[in-house]
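Going by the order they are written in, the chains are A, B, C and D; count residues from 1 in each one.
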Amino acid sequence: MAELTYRDAVTRAIAQEMSRDPDVIFFGEDVAKPGGVFKTTVGLYEQFGPRRVRDTPISEQAILGAAMGAAMTGLKPIAEIMFSDFFAVCFDYIANEFPKSRYMSNGQLKCPLVVRTANGAGSRFGAQHSQSVENWAMMIPGLKVVAPSTPRDVIGLMAAAVRDPDPVIFFEHKSLYATKGEVPDGEIVDTLGSAKIVRPGKDATILALALMVPRALDAATRLKREHDIDCEVIDVRSLVPLDTRAILGSVARTHRVFTVEENPRLCGWGAEIVSIIADEAFYDLDGPPVRITTPHIPLPAADTLEDLVLPTPDRIVETVRRSLSA
Amino acid sequence: MAELTYRDAVTRAIAQEMSRDPDVIFFGEDVAKPGGVFKTTVGLYEQFGPRRVRDTPISEQAILGAAMGAAMTGLKPIAEIMFSDFFAVCFDYIANEFPKSRYMSNGQLKCPLVVRTANGAGSRFGAQHSQSVENWAMMIPGLKVVAPSTPRDVIGLMAAAVRDPDPVIFFEHKSLYATKGEVPDGEIVDTLGSAKIVRPGKDATILALALMVPRALDAATRLKREHDIDCEVIDVRSLVPLDTRAILGSVARTHRVFTVEENPRLCGWGAEIVSIIADEAFYDLDGPPVRITTPHIPLPAADTLEDLVLPTPDRIVETVRRSLSA
Amino acid sequence: MAKKKNRAPTTALANAGPNDDIGEETRRRLYEVQVIIREAEQRAFDLFLQNLVKGTSHLSLGQEAIAAGFAVAMRPSDLSFCTYRGHAHTLARGVPIEKVLGELMQRDNGLMRGKGGSMHLTSVEHGVMGSYAIIGAHLPIACGAALRAQYKGADDVSVCFFGDGTTNIGAFHEALNFAAVWKLPVVFVCENNLYMEYTPIGEVTAVAHPAADRASAYGLERIVIDGNDADAVYRVAQTAFARARAGEGPSLIECLTYRHSGHSRADPAKYRPEGELERWKERDPIKIYRERLIQFGFEETAIAAIEANVRRMVEDATATCKAAAPPAVEILFSDVYADGGWAWRN
Amino acid sequence: MAKKKNRAPTTALANAGPNDDIGEETRRRLYEVQVIIREAEQRAFDLFLQNLVKGTSHLSLGQEAIAAGFAVAMRPSDLSFCTYRGHAHTLARGVPIEKVLGELMQRDNGLMRGKGGSMHLTSVEHGVMGSYAIIGAHLPIACGAALRAQYKGADDVSVCFFGDGTTNIGAFHEALNFAAVWKLPVVFVCENNLYMEYTPIGEVTAVAHPAADRASAYGLERIVIDGNDADAVYRVAQTAFARARAGEGPSLIECLTYRHSGHSRADPAKYRPEGELERWKERDPIKIYRERLIQFGFEETAIAAIEANVRRMVEDATATCKAAAPPAVEILFSDVYADGGWAWRN
């Protein structure tokens, strides 16, 4: 057991997989010699050398396209896209190439790769460097999509992603990089597609992802303490595959559900999960399923403004309390 | 009154707006001299000349970027992206530039433009030329998003889109181009953000868009005739702004709701609307809100396979009937 | 990484008689492959007229020498990356005609059993690593396959075919720079057929030679060849492959050619100036190559035998395809993920 | 559309004495603008150390001559398109220092009242049509503004600034070709400061001059200048603007320069080889230009007065910003749409 930052967990995760499998290579902008603009990959270049850890030009399409070609022919590339907002300049690979090649070729082509990226707000970077875009990936058939909230999950899910035979989009959260958590020694390998009940409870289910998980936990503690409302908090962890069994199971016990998501409101993962619950667990529900989201606006840069838009423990507490007493 | 194809309605709509406003220009790949690969813009080059109607290189980023720069500085560009699947090669403009510039500049910059594109399946073109990607636009704050289902709406909504001071993504449906409808003479101007009840009914609400509208209407006719179920069919028409008033009003009357959407299942507009209804009209609902969608897979090319995946009148009838008798 | 070289346009070697660098057997094969493409594509067009080819399709009639010249110069381990206009390149690698026609007819015997369609022909066992329908997308992908070869110390080359219009999209630029910087064993083949879809390439391109005039932007040699002469294509391919295998990095080759048919099945190609097609038909690659064979001493009967054999193959393939069933319904949900299925939830 | 020209590298004119083509008043202004940028940016750095600048920020210390040279050559109606490293270009157009510092400090008095942040400085009234933080995005946008000028018969020029690293992204290529084909009045200015973020540009670029060595790919003249000499910048700008206004189309100009600070506030720039910064500081554009003024007969006192005045402006601006309130909460939901609001539903 050691305490590790989420940032260092990224490095350890990649190192774990590169040590295990010589076919794992890693590249992206400023990731090798500089160690990454978020310092998530410091030392990998020194450890694994210039053949396996490479700095690329500012060419996101080339990065993802090359990852795909390498994956298709036998390697297991990990590609970094520096900020998830930049998916927009290489979206063809994410939307049209990675996820469709196996299907279109009737199973002839494979695409075992990982795209890791820094997602989310909180750094006062403004509208083009702060977005949460998990739904951009979730909406595309053929991808797998994960977003860890703890250092331990970073390692376990990264290992699962690298070993997975399908394309996995791996969302790290910028505002979690500096957070710490206990991490067991030795190899850690998790499985994709399993949610985690991070706080059991009986009065309502709160579903959260990434940075929203600690906030939901915070809110749950306060809801219990201040309002005697006992919430179950589930870290969704994996949007595809989605652990609907865990989610529906929880709703069947608590009869109320709240999603807490950072991406702007329309067509987010919260909408998907709420729709599944509304359809499949309609008669389990004692009240409306409620989404707590960032409002549907671009993100402001100013700290005082940015702090107002993301869901906060306060907002979660208020929403749950009011909804349950309605 | 004249009968017009949806295809010719596109031409007439653009011509109407270009005749009205000399600041409207139109460009895209093979749109000018060739008249468009779907023949939607035949004659515009001849009518408005090479200054206003232009063929571009295969450079979707340049097309949308140029449209934005022109819009910002005083023109009202209509840009064509040949297939909506190609949004993936120019997604930065759709996701990060058009919709954020006004906000980031605190209102200094404007972006009055229209991107029109051929959306949807039915042509046996396979996974990269058949997608329905309305949700790619709906999920981005700052855009407006429309998708007409009739020739008349093509003209009215295009006029509204061109006259709108914000960026509008205009989804035409490939499989509707050859369909015909009555269109009044003279100028037609609609408003963005209004849904249309295209068939009143009392037992359930069916929400549909674009190609799914005639299919929903077909299904409603059969549901009435064969099962005595009286469905209200709403053509959503505009995803942003969304006419939640019309939608919630209908659900308040019918107490059941079904969405019929062509895009793959996860995070579609159906999920958004179902989530709104589940939250805001929970106590109006007599049973689960149900989404009828294309399954979450890439689209197959073969006619026999493609015909199995899109929602059909059969599938709508079956789903509604079974759900209402559950 | 930057480097400079003296550059001179590459010209095809003059033909040097029967014992020249190409040789009889290779010439026979170059001709045969061109005829296979020609006959199979013409059949595809006929089947389209009979409404038996569904969806779209993009023929390479008139451009056969390029696919043939490169494919014949390739080793079995080399990889092809094609476009929607990829029937030719797929056939040239030895993929059975019936598998290609079957896919165009969207039958169960097709290369991908109808799931991909004519724009996505793929046959991994023949080194055809896919056909891509989003302009430019496969150039970076070919870089990745080449990166794998370089990484593994394998000596295969990735060959990436695309059109003149493709040189104006961003992915082209990114791929060329990327390949040059990492010295990847990839060969970029631009088939300049003078048109994007219906728009003449000159109207939308800042330079006369859309690929070759960009080569120096990536520190590469300027190469323009006669794409209707299979010998010239074969020779330039050999040189580029040798360079790639020797670790000297990518090549960008512009092949001048012309498509005899429209852009796709929907296109009557009315935008062509009068006489243009006719002039190019005089330079029909198959006509040129047939004359070349005669000139090199091939017997008329031997040539006719090749042609007859191909025609028989196309007949057989057509019969097989017409008799083939539509795709099995079960495959609709197969192979989204590597486990064979499509489950996105438990 | 293709065209060929004899090309020769452009070199700055030799200085021709006090009555040369630039003249006294312009020189004074060129110096003043450079000093404004230098002092305001250095202040931004100090404020960052005091934790008063939030988020990120990207300084142009050492690159001032480029922003100054172009801005002074521009007419008020000309338009600037900048990047996240755009404080310099924004200040150079005459935007008040306090508006820029206010935005960096995310105060209500900022250019965009804190909604955009340091990477998105915009001042439409000064012709600053935005700063763009996605690499390459603004090159096509600048084309669009130029298209409007061409369409309207206006004679303004769109000037688009970007770095060496930006030349490797697809949008660069698309924009250059697009501008060349349509002969748009746009001037592309590549500030080659030798690094993308932390990676030397030579390690990721196939040619030695990332912009200039690509010019011929768009039929453009090859232009490389000393970006630390404001006179050279001013002259090349004048030539390019005249070309643009005369309907002769775009220019691509590579300005060689160096940034004295790290890439952004988080970067100590340890990746630089020993001595590199020192060597470049000897070629500090402000030092160079101060010497130039003396050489052209400016009085030391006149120069000192310019400097003192700028310092006072920066002091005043700092005081104003420190006293300014944080952004009003109401603006959070304003100006998503043109109606001033954010309503996506009724």
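Convention: a residue touches a chain if its C-beta (ideal position, glycine included) is under 8 Å from a C-beta of that chain, and two chains touch if they have at least 3 such contacts.
It should be emphasised that the depicted structure is a prediction, and the values quoted were computed from it without experimental measurement.
Taking the mean Cα position of each chain as its centre, C sits at the greatest distance from chain A. Ranking A-C and A-D by contacting C-beta pairs places A-C first.
Rounded to whole angstrom units, the spacing between the C-alpha centres of chain C and chain D is 45. Chain B and chain D have CA centres that are 40 Å apart. Distance between chain A and chain D, defined via averaged C-alpha coordinates, is recorded as 36 Å. The set of chain B residues touching two or more other chains comprises 56-57, 59-61, 85, 88-89, 92, 96, 103-104, 126-128, 141-142, 240, 266, 296-298, 300-301. Of all residues in chain D, those that touch two or more other chains are 113, 115-117, 120, 132, 134, 136-137, 168-171, 174, 177, 181, 203-205, 331, 336, 342, 344. Those residues of chain B lying in contact with chain D across their complex are 25, 51, 54, 56-57, 59-75, 77, 92-93, 96-97, 101-110, 112, 141-142, 144, 164-166, 193, 240-245.
Contact residues of chain C toward chain B in the complex are 54-56, 106-107, 113-120, 132-137, 165-166, 168-171, 196-199, 203-205, 266, 271, 326-327, 329, 331-333, 336, 342, 344. On chain A, the positions that touch chain B within their shared complex are 85, 87-89, 91-92, 94-96, 99-100, 103-104, 126-128, 135-136, 138-142, 240, 263-272, 274-275, 277-280, 282-283, 285, 287-291, 296-298, 300-301. Remark: chain D residues 1-2, 4, 168-174, 176-177, 180-181, 202-208, 213-214, 216-220 touch chain C in the complex. On chain C, the positions that touch chain A within their shared complex are 79, 111-113, 115-117, 120, 122-124, 129-130, 132, 134, 136-149, 151-152, 158, 170-171, 174-175, 177-178, 181-182, 331, 334-340, 342-346.
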